[in-house]
Structures are given as C-alpha cells and as structure tokens.
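Each of the next two complexes has chain A plus one more chain, namely chain B in the first and chain C in the second.
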Partner chain A sequence: MPSSSLARGVRRIGAGTIRAVSRAGFAARFFLLVLRHSPSAFHRLQLTAREIYFAGVLSLVVIMVSGLFVGMVLGLQGYDALNKYGAGDSLGIFVGLSLVRELGPVVAGLLFASRAGSAITAEIGLMKTTEQLSAMEMMAVDPLARIVAPRFWGGVIAMPLLAALFSVMGVFGAYLVGVRLIGVDNGTFWGNMQAGIGFWPDVTNGIIKSIVFGIAVSLIAVFEGYDANPTAEGVSAATTRTVVGGSLAILALDFVLTVFMFRGLGSG
Partner chain B sequence: MTDVTFGYDRRRPVLRGINMTIPRGKVVAIMGGSGCGKTTMLRLIGGQLRQQTGKVLVDGQPVKELSRDGLYALRRRIGMLFQFGALFTDMTVYENVAFPMREHTDLDETLIRDLVLMKLNAVGLRGAAQLRPAELSGGMARRVALARAIALDPMLVMYDEPFAGLDPISLGVVGQLIRTLNDALGITSVVVTHDVYESLKIVDYLYFVSEGRIISQGTPEDVRKSTDPFVRQFVDGAPDGPVPFHYPARPYADELAVRAL
Partner chain C sequence: MNKATIDLWVGIFVTIGLGAIVFLALKVGNLTSIETKPTYRLEASFDNIGGLKLRAPVKAAGVIVGRVESVKLDNKTYEAVVSLRMDNGYQFSKDTIASILTSGLLGEVYIGLEAGGDPVMLADGGRISKTQSAVVLEKLIGQFLFDKASSGSAK
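Coming up: the complex of A and B.
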C-alpha cells in the first residue's frame, strides 16, 4: 500500500530526526561537562602532557612528511601556473599564503582526525568495552575528569602545533622544488613571502582555524569513544564516525571561518 | 533493598519487587542464570543505576537520593571486582593497585609502595608487581583486581562473576581469597555468580534470582536440601526445568510448516 509505505517513510525520517537531535543534545551536554571537568586536566598537568605526546608527538612523522610533499607539489604546480602569466617569482607568496591560510590547518586537521582522533576514540571505546570506565566510576574517580578532559585538551593543544609544523615543512618543500630544483631566485622567494604574508590576518587566522579544528576533532573523538557501543563492532563504528565526522566538520568549519575572516579582503 | 523495581526500558522491568538484606561481615551470593538481573543489582548498590521504585540502602544511606559528592564518598568505601578484572591496561599491576590510593589519599609514595606490596602479597602476586595486565592469566588478573578493590580497606566488596572463565586451581584460589579477605579484613561481600559448587563452599547466605524476582534464598545447607524446582535445576545443572531449554518460539511444527496427512 503506497499510503502505508509513505507513513513508514515519514516515521523513519521522524525517528531519525529525533535520534539525531537527541544525540546532538547529548553531545552539547557532554561538551559542557568536559569543560566543567577541565580544571583537573590542568591541575594535573602530567595527564595532559601525556596526551599531547600521544596526539602530537606521535603524529609528527605523518604530519611532517605530508607537509613536505604537499609543499613540493605546490611548488611544482604553483610555478607552472604562475609562470604562464610571467609571475613565477611570486611562488614564495603563493605557497606561503596557501599553506598558512588553508592547507596547513585543513590538511593537518584531516590527518590529525585520521591518526590521533581515531586513536583517542578507539582507546576510550575499548576502555568502556572492558569496563575500565565503570571500574573508575566505582572507585569514585570521574572518567570525564581523569580520561576524557586530558585527551580533549591534549588534542586541542597539539593541533595548532602540528598545523604550524605542517606549514613549515610545506614551505621548505616548496623551497626545495622552487629554488633548488627550478631555479627561482632565493632572495625573491623569501622576500616576497615575507612582504606578502602578514602576521595579522594571515598567520593569526591560520592559528585560529587550527585551534577551532582541534576543538572540533578532539570533541568528536572523545565523544564518540565515550558514547561507543561497548562491543568490537561498536568501537569500530565509533572510530569510523570520528574520522568521517571530524573530516566533514573541518571542511564545513573551514568554509564558515574563511567567510568571516577574509570577506573584506577582496573589496580593498 | 526494599521493593526494588528497575528496567532499562520501563515496559520491560529487569528487577521486580526485590527485597534483600546483606548483613555486615557476611559473604552473600546472588545466583541466577545469565541476564536475570544479578549484575544490575550490583550497579544499583553502587549507584551506577537508579531504581524506578523501592529503596536501596547502603550503610543506612539511600543510594538514589545521594548527591554526586555523597555517592562518591560512599563509593570510596566500596570495592568492586568486575567480571574480567577491568584492570587499566596502560598501567602496571603495581600502578593499578596504587591508583585508588593516589587518587584519594595524600599518602607519600613510600607509604603507598608498602601498602601496594601488602595488598599484592595478600593475593599472592607481590612478585608480579611490574607486569602489565596483558601479561597476566585470567586468574591472576582477577586477583590483581581484588587487590585493587581492597586498596582503600572498604566496608563492602562486590564481586561480579569472579569465577567466570577460570581454571579449577584459579577458581579455588579466588574463592578462598574472597572468604579469607572477608574474615580477615572484617568486610562484607556480595558475590554475583552462577557457579553453585564454588559458592556453596564459601558463602554464608544465597539468593536465587530468576526473571527479575528472588525465588529462593537460604544458607548453603538449606540450598543443598532444597526441593524447590528452580534451585534443584540450578544446583544439579539440569538442562531443562523451570528455566526452559528452548527460547520462547512458535510451535516447531508451525515453524517447519508440517501438516497432518
């Protein structure tokens, strides 16, 4: 019956919407609880430092190697495109702006979601599956303060540092290709970059973006881990949701932030 | 527990009208088949779940009405051993036992070291202090978890399936530890289990739970003599009886579409 299948469809959409809204509400409440328990993450700095090591230091290889290759490709593609208009000497500013404003925070964020975000979700999810979180609660230790808040802040602090390193390696990669391989003048490459990139708005906005991405990815990672179904399948699904949700959140937030940050630049 | 009713879904209660008393200093077992609500009772006592109706009093305090701080203060006086130990996998055995002391006391490390070694010695695992949980057998993990559960000298220790998956030697060791620690430390123990044979050796009193209700209770001697069909099925390990072998289903003939000729 078409009417009954229509009713089923409407019911399914309604149930899905209610589920999504209630999950969003739970996530918002969870975020507030994490913030409420955050003082303990800073009171016991060694817990947060450990998480910065796991989320940040252990992500260094993938971030630095990716940054180097992205920079080298930018150097090649950028020089080819710019040279068509006789602007090959502008390679430095082109690469610098691309990396500092966009590619540094965005690509580092995507890599961070895949490497550190998934690890955080899997770790918390497995702790839940093996009743470690319950054991902690029964020992009168709040897992939000002891487990979640340090991982959240570890991610938030590590992310801008990783994005900065990504940009540095990218610029270095572009230098290798542009100056060393293609032969762009060394002084022009660096001089244009220094003259064309301002600390405000370019570098600052890049830092703001990476902090926002760090908050988004870390929150999604700890939330998905904490909310995971305590089964092998549940942890696997939660890890996937972290990578997919984190990546989409970065791309969407990047657009929104870019609109606000750089909207006045074109008219001037 | 007085008239306690609880359900994850209000339409399907897991526990219905539970009345239970656990006297100080005794070892009490809660027995029943898988999924009958035994672990749920422990979670109600520990305040991890809240009953819909009835009262749960621990040391005279109504668990449901306690504030977060009050509940945490109560939990500091309760130890719990989880089914598979729930040891923190990123810590050594030593750090696991030291964890509650470091979280809740200002004792200096030298004193904590002595206390941890005493607790580990009590469960026979002082020599395993520097091992990681992944290096322990199931029985050893359970004993470490027991050392951690008694780290703060609790008044009550709850054991969730402490015998599950253990070899006969480990099973005997864990059983004896529960009894010995209970008597030596003057604590009260609640053991949730379906291991009749081991329980009858160590407990003072037993409750039998089925489908969310207490259907029988008594001392080990009462249980051995009981003629209650459920208790007999449980004690004798009979595959069929009040707890049916078959999960409820349509008649077999209907399912196979068998027709009379």
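Coming up: the complex of A and C.
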C-alpha cells in the first residue's frame, strides 16, 4: 500500500534525525567527560607521552616530506604567476603568508586526521570490539581516563607542532626552488617575507588555527572509536567517519576562523 | 618500545616543533622588529591620507625611520591626524616636509620625509606643519577630463 511505504519513509527520516541529534548530544557529553578526565592524562604523563609519540613522532616524516613538496610547488607556481605581473620578487611573502595562514594548519590537519586520527579510532574501536574497555571497567579502571584522555591530549599537543613544522618545511622548499633553482635574490626573498608577515596577526593566528584543528580532529577520532559498533565493519566504518568527518571539520572550521581572524584586516 | 626511547623521541619531537614555531616567529614573522628600540612621537595633519594604513613605514630618502602609529580625524578642521613613532636615532628639523607617497603605481602607501634646513629639531610630541596629501588618482583623472572638456568648449 502506498500510504504505508510513505509512513515507513517518514519513520525512517524521523529515526535518522533522532539518531543524529542524540549522537551529537552524546558527542558533546563525551567532550565534557574527556575534559573532566583530562587531569589524569597530565597526572600520568607517561601515557600522554606515549600518545604524542604515536600521533606526533610517527607523523613527522609524512608531515615534513609533504611540507617540503607543497613549498616547492608553491615556489614554482607562485613565481610563475607573480612573474607575469613583474612581481616575482614577492615570492617570499606569497609563500610565507599562504603557508603560515592557511596551508600549514589545514594540510597538516588533513594529514594528521588521516595518519593519526584514523589510527586512534581504529585502536579504540578494536579495544571496544575485543572488550578490553569493558574489562577495564570491571577492574574499576575508567577507560576515559586511561585510554581516551591521553590520546585526546596527545593529539592536541602534537598537532600545532606538526603544523609549525609543515610551514617551516614549506618555506624551506620554496626557498630551495625560488632562490636556489629559479634565482630569486636571497635577501629579497627573506626580506619581503619578514616585511609582509607579522608575528601577531599571521603566525599566532596560524598557531591558533592548528590548536583548534588539533582539538577537533582528536575529539572526533576518540569519539568515533569509543562510539564504534563493536564489529569489524563497525570499526572500519568508524575509521572512515573519522577521516571524512575530521577533514570536513577542519575545512569548515578553517572558513569560520578565517572569517573572524582576517576579515577586513587587509595586507597590513 | 621501552619508556626511555619513547621519552627521547617525544623530547626530540617537541624540541623541533617548538624550534619550528620560533623559526616562524623570528625568521618568517620577524618578531625581532617589535624589539623595544627607543622611539619618539611626531604628529602630522593631512587633508587626505589616501590608502595609508597603520604600521605603514615612514621613510626618509628611502630609509625606514619610523612607522605610522595611529590615524584619526580631527573633528574641528576635518583633517587626518597621523601620529608617527620615530626611531630615536633619527632627528628631523622643524621645517621637514611630510608627504604621502606610493611606491610604484600599485605599491604600498608610505610617508616620505624631506628634511629642511632649520637648525631646530623636532622633539617628542612635535608637529610636522608642512604636509602634502595623498594624490587621489580619481580626482586627478576627473580634473583632467574637466580641463579637457572646458578647453574643448572654449574653442
């Protein structure tokens, strides 16, 4: 009967909406719970250090190599475009601004979401599947304090450092291409960069961005892992959601933060 | 992997990460330019400051000798009052001329100072009385067209 299929469709939409809203509610409650258990992550620094190792140190190579390549491409493309207007000497400021303000935090964040975020989700999800989390609860060990909070803070601490490294490697890559390969004057390259980029509006806003991205990606990663269906498919779906949701969150947050930070600021 | 190795690697990671931030601050963002060099303040009024921005350079003979600190409108004379933070190492005579210039056609707007011959120097809080406003391109074009039209109709 058509009316019953219509009713079923409406019911499905309703159920989906309720599920989405209650998941959002659980995510918010989860965030507060993680914050409340955060002191223990700093109390037992060894746990957090381990997570900084897994999220940060092991991401070093991919971050630094990508930064280098992004910088080298920026150097080539930027010089090509700028030189059409006789502004090839402005390569330094172009590269520096795009890396420090945008590309550093955003690309490092995207790489971080796929490299470290997915690993965190898969790890926590698998712990849930193999009932390690329940076992901890049985032993009166709160998995939020022992497992989730250190991973969250490990990610939050690692992310800004990775973004800064990405920017530095990018600037270095652009220097290699621009100064060493194309032959932009060394002094002009650095001088323009330093004249056009301020520590307060540009570098600090980039760092703030990377901290916000770190919080967002780490929270999504631990939440998806904790919330995963305790099956093989559930963990794989949760890992996918971390990468997709984390990347989208970074890009959307980047827009919002940029609106607040650079609206009407001009070039000064 | 044992604790000591992890600690070592995390230490290395945090050190080079913080090193990267310091590099961004010093080499890219040029934080050193905020160093507290002794400065003094000058004021100058302009009819029109054009596109002058805060922290725009003040140059004498092309050398940066100070920066624009604030711009406000004098509500009585309707002139723009620009206050300049000048490097203490450079002193200018009382009859210095300040003009608002643009480097190149599309370049940044800055204040150019041309020193005069007066033996008395401007002190802290002093006022540059001789100023030249920004050239507003639209007005110039408008004037040019107007002149053309009026000379055409006179014929």
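In this text, the second predicted complex is superposed on the first by the 257 of 268 C-alpha atoms of A that agree within 3 Å, B and C clash if a C-alpha of one lies under 4 Å from a C-alpha of the other, contacts with A are read in each partner's own complex, and residues count from 1 in each chain.
One rule holds for everything that comes next: a residue touches a chain if its C-beta (ideal position, glycine included) is under 8 Å from a C-beta of that chain, and two chains touch if they have at least 3 such contacts.
Nothing here was measured: the structure is a model prediction, and the numbers come from that model.
Three-chain overlay on chain A, with chain B and chain C fitting side by side and no clash. Of the two partner chains placed by the overlay, neither chain B nor chain C lies in contact with A:Val62. Contacts of A:Gly198 after superposition on the shared chain: chain C is touched, whereas chain B is not. Taking chain A as the reference chain, the count of touched residues is higher for C when chain B and chain C are set side by side. In the superposition on chain A, contact of A:Pro160 is made with chain C only, not with chain B. Taking every C-alpha of chain B against every C-alpha of chain C after the fit on chain A, the minimum distance is 10 Å. By the touch criterion given at the top, residues 46, 48, 72-73, 75-76, 78, 80, 82-84, 86-89, 99-100, 103-104, 145 of chain B touch chain A in their complex.
Per the touch definition, chain A reaches chain B in the complex via residues 127, 130-132, 134-135, 137-142, 146. Taken in their complex, chain C has these residues touching chain A: 3, 6-7, 9-10, 12-14, 16-18, 20-21, 23-25, 27-31, 33-34, 53-56, 108. Partner chain C is touched in their complex by these residues of chain A: 46, 49-50, 52-53, 56-57, 60, 96, 100, 157-158, 160-162, 164-165, 167-168, 171, 190, 193-195, 197-199, 202-203, 206-207, 266-268.
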